[in-house]
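We call the chains A, B, C, D and E, going by the order they appear; numbering starts again at 1 in every chain.
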């Protein structure tokens, strides 16, 4: 139902060197840095430039609002935004649109979706798919799982556990243990929480980590405890790839952050060139498992996060 | 040997049977004393004898466990230093007396700032009045404070004492307590403070003057009381005593004999 | 009128031409003085005359802008208080003297703790020695300090002075500086401190005794010097002077005449 | 007492001159730095000087400026409040919940939130004056408590769907200045009046200068400190309300590090952590300086990482220059 | 001097008894609280008492305990260090970069990182003793600078792929105790020795007790403070190395709020922000108390939000009980 990146035209050589601003949720996560490198790559190709801004933590809402406003003031030619909060950013985005600055949201959108287009993975769908795979292949229809989320305020942080639990509902033999725990995007917190979970629920089969930071901590914990618990997650960085290789992370949804950045720039150029954009563009995800790790598709998916990734390396 | 019995009903301040303990320590064990208007009463005694504690009870800093205080014949009970000040008791401390970052005027009026109404409604400080009054006042006590807007921070020890004394004078205190006011002052500034103590007395104020320098005390006080381990052990007109006698009481040498006759000093 | 010229070469301490300014303020303007072993030299003067500043220069707290210091005939230059202590100058301050949370022993040895080798290698405090020495020492000065492991926090003013004096005694100082050591002490504790000052002198130490109480000064000092506005304006054997004369110099009354004849006091 | 001699004119005017000079000196660092930054950023990107950018700077500075005002009072008493960020989060959550989940209306929501701030401040002040806990520790405790409480209110989820009218607090304008800017200005004017022209303010400075002296002249120091921390709590709650209106959504984890910015603002503006000094104008200028730094670096395309480093240097530099000035005096 | 009279035995033993009593009293709050918590959590979930859980508690407490040890020295001088978290982040980044991007090897990486800590500490100490900036402000500045610098090192990206050998720091065990636990224990033992048994420690307490007195007996206070902050920086860097090994990945934004936990640990352990007091054992117990609280509440199924609130109350309570004890003495 959603459009794909194929809906975007390959822009003609732009008339001038446009300057875009990319504002993500936080300034030091590999995921956002992958979005940035995609955007940079596209910009290079089309003779544009992109500057990158983000608050230090994913929790500084006022900081992000200020950054969007400042970008509008600075007279940027286009804005790429991953919204910390679906409503808080409405007003500044409206003022950008009013100033005829095209806005593309990536990963985390607005509600209502007023941006020119929204490029993202279907978080609920992907999480549900991950749950189905986990239930069928890793748990064989019965057992216990627990969730480590990264935070409970971002739309992705809300959608992924929701999707995962939806996917699991079909299996009556599977039980979720304890409340959802939050790692607040901190690996050591995730590690501490998961370590305690292993003690707390001796019969646990699976821990779901809802993003890269939130999966990394549990994987680390499992490896240290030499536990048989399997970790499934979202996203990948080089740390997680190592765990997939080691069989500790048994499945992970890989999104397309690089493409999000890349096609966000393309979409901005399209918009400037006067094309109409679809309201929502679904970026593909890939379910990475130890079994398919060596495949070309997996390599391509991992390169979305780490452009320099070399398989057997 | 004491003449104090004669001023009982007209006393500016009269305390009786004051007791005060801090935890297990009995610091004051039934102290009674009085001071008449216009009289300077010296208070001497060993370190830790309880002099400052007695003064703090009188000035409302501490509450006594027992005993009562009469001001000009009326019973009073102070819960806070403010009550005591309102009743006309001003205290001049050697240290801790001034707010360093505030100016001379602000210090003299601290706690009792004159207020005017802004737009007829909102109460605000009447700075004009403060500065006016202070200028007149500082002239009156012949202090050498350069200007009333100097901060307390920038004053010398003697000048700081002068500010505190100006405060007492201005508020027309009935009782002024001076706790070791000259301890760190040089001879001349000491002279000045002693002169001011007498000046206060001349205005009809009862002055309590605590000190360790007996020469000084005998020179300017009308009467002197000696404290020893939380008790008043001696009370005498200055004209009728000597350093040697005072020291005898201060060291507790005369204590046995005093305990028998303590009633005499009431 | 001064007898100081006679001890020049044997002086325990001799300073000459000391100048010190803080920013725009000239606090010491060429001060020269000396003190012989076993002599107590009184230093008097108005507040702000520069007495404490001079002592701080001698004890290495401040560095002089000009002038020099000779100890037992040798030129010295102190960069820090530690240099001065190492050279045998101990200073006893009224306040700021003790670390409140440390015990008596730790305070006496502060800055010069005896060290033993742990496992023959690692230097550590020799607590055994500290406590042993302190017990003996406190007995020697007849202080009433209850026990060497009491914290400074829990001592009276006189006891604190005793700790500081014990420090000077223990380290066999050549010069001891006492800056207003009795300012807050009662008569008996004052007596004790004065006695200790004489005791120090009896051990051959040169003592500099700063104070405002001229009676006290004239009683215990051998000689007294008067400072006025950063200069030494008078220097005399105590036997040869009087309170009145000292005050004349302290107030600058004798200043004009002094300026003419200042060379005399070198 | 009114019949005493009228003062001579010299004495009347001198203090004013002296106090004014002291005031200007205190602000010098912040003022000069701001002017320098405006010139630099104006050259790097002329849009920095545009009206719309100053509109946004005004919005961006408001919350920190309000917090800095509360912090000025507390620091003037030689205290400190490191719980401001958490209290902003808690009060914005409470305000949002009342707005969204009840029918009490906006006025009640604001009033109840301010009341919450007063209660929080009373708890902090109570720990300080009744339990004798130092301000740093009392507010460290409150930092944790308020953070936990903010998360507990909705079990961690954000609150959406604030009424449109509520947005007027941040978005509406009067004379082209955003309302949240006006709020900060009005609070600053009132606070400056209170600190400099009333007994309350004088007692605040007196306590910070010498608490024992203040007590001895009859000031009820514990009561005054309690009031100061309640005032501080109310101001933090107000900042929370403004923050909520600005962000249009309540998040239990927002407000992090705001206290550090507020403290930095006070210090840059000439306040001293040892108490007794501090001006409202100085603190507001301190907040403005930091906001300009953030805004200007972004407009100039300077990395926000570098901005952090510059900010750190500015904070230390402000206090150093202040010391220097005092020494040279 | 050695030939003086040998002391009488009473005088020899009395001080020991007195000092020991003082020591136990100082630790009382932390010790009693820990025992109470162990009983409560043990009842709520018997697994809390399992060996494996204590293994994990040991791992979890190590970083905070190490930081609390550094903080103890600084707080004992009446200072404070609020930059520890940022310095942990910066040093773990630097260490990871050296390990991954160079061929210098582990020993060099650790040594260079500790050197970095010393430099950071020297900058802070220098601001304090040379520029005369109060410790809170100097470390507030460093907080911002180190945070910015950590981000600048890799432009925000985390560093992965640490050599396996490096993980031994956190993962290896000796006698069943994780190495990182041993590191904390060894550091604590050395620190306790230094603080109580050496001149360095005595000067630290003397400066915190009365800096002017310390100066006047000849202690070089500026140099000592500089050394204290350098020591603090080195300890923070060490904590960063241990943290890096524990998390197996370096992230420029990690370490947030660690300084607050470390300060809380010191305060819970009986240290005073006014200086002159503080014990290493107390601070380590304070860190342990907080870790047990975190671990136990999760095992007991209590929300981490509630844990925050409890933590806040414990911090304020610790200081209150300390005051109470002192008053009743």
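As a convention for this text, a contact is a pair of C-beta atoms (placed from the backbone, for glycine too) under 8 Å apart; a residue touches a chain by one contact, two chains touch by 3 or more.
As the structure is a prediction and not an experimental result, all values here were calculated from the model.
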*Quickly list, by label, the chains bordering both chain C and chain D.*
B, E
*asked:* If I average the CA coordinates per chain, which chain comes out farthest from chain D?
replied: C
*What is the chain whose Cα centre is as far as it gets from that of chain E?*
B
*What whole-Å value do you get for the distance between chain B and chain D if each is reduced to the mean of its CA atoms?*
42
*Any idea how many Å lie between the Cα centroids of chain D and chain E?*
31
*How far is the middle of chain A from the middle of chain C, if each middle is the mean of its Cα atoms, in Å?*
74
*State, to the nearest whole Å, the distance from the C-alpha centre of chain A to the C-alpha centre of chain B.*
75
*Among the residues of chain E, pick out those that touch two or more other chains and give their numbers.*
147, 151, 155-156, 303-304
*Going through chain A residue by residue, note those that touch at least 2 other chains and give them in order.*
27, 56-57, 182
*Going by the touch rule set out above, which residues of chain C reach two or more other chains?*
none
*In the complex, go through chain D and note every residue touching chain B.*
1-2, 4-8, 11-12, 14-16, 18-19, 193, 197-199, 202-203, 205-206, 208-210, 212-220, 276-277
*For chain D, which residues are in contact with chain A within the complex?*
45, 47, 50, 52-53, 56, 59-60, 63, 156-158, 160-161, 167, 171, 243, 246-249, 251-254, 256, 294-295, 298-299, 301, 304-305, 308
*Which part of chain D faces chain E closely enough to touch in the complex?*
80, 127, 131-134, 136-138, 140-149, 151-152, 155-156, 260, 263-264, 267, 273-274, 303, 305-313, 315-316, 319-320, 323
*Mind listing the chain A positions that touch chain D in their complex?*
27, 51, 53-54, 56-57, 59-62, 65-67, 69-75, 85-88, 90-91, 151-153, 158, 182, 184
*Residue ranges of chain B touching chain D (in the complex, touch as defined)*: 59-61, 80-86, 91, 93, 96-103, 105-106, 110-113, 115, 118, 123-125, 127-129, 131-133, 135-136, 147-150
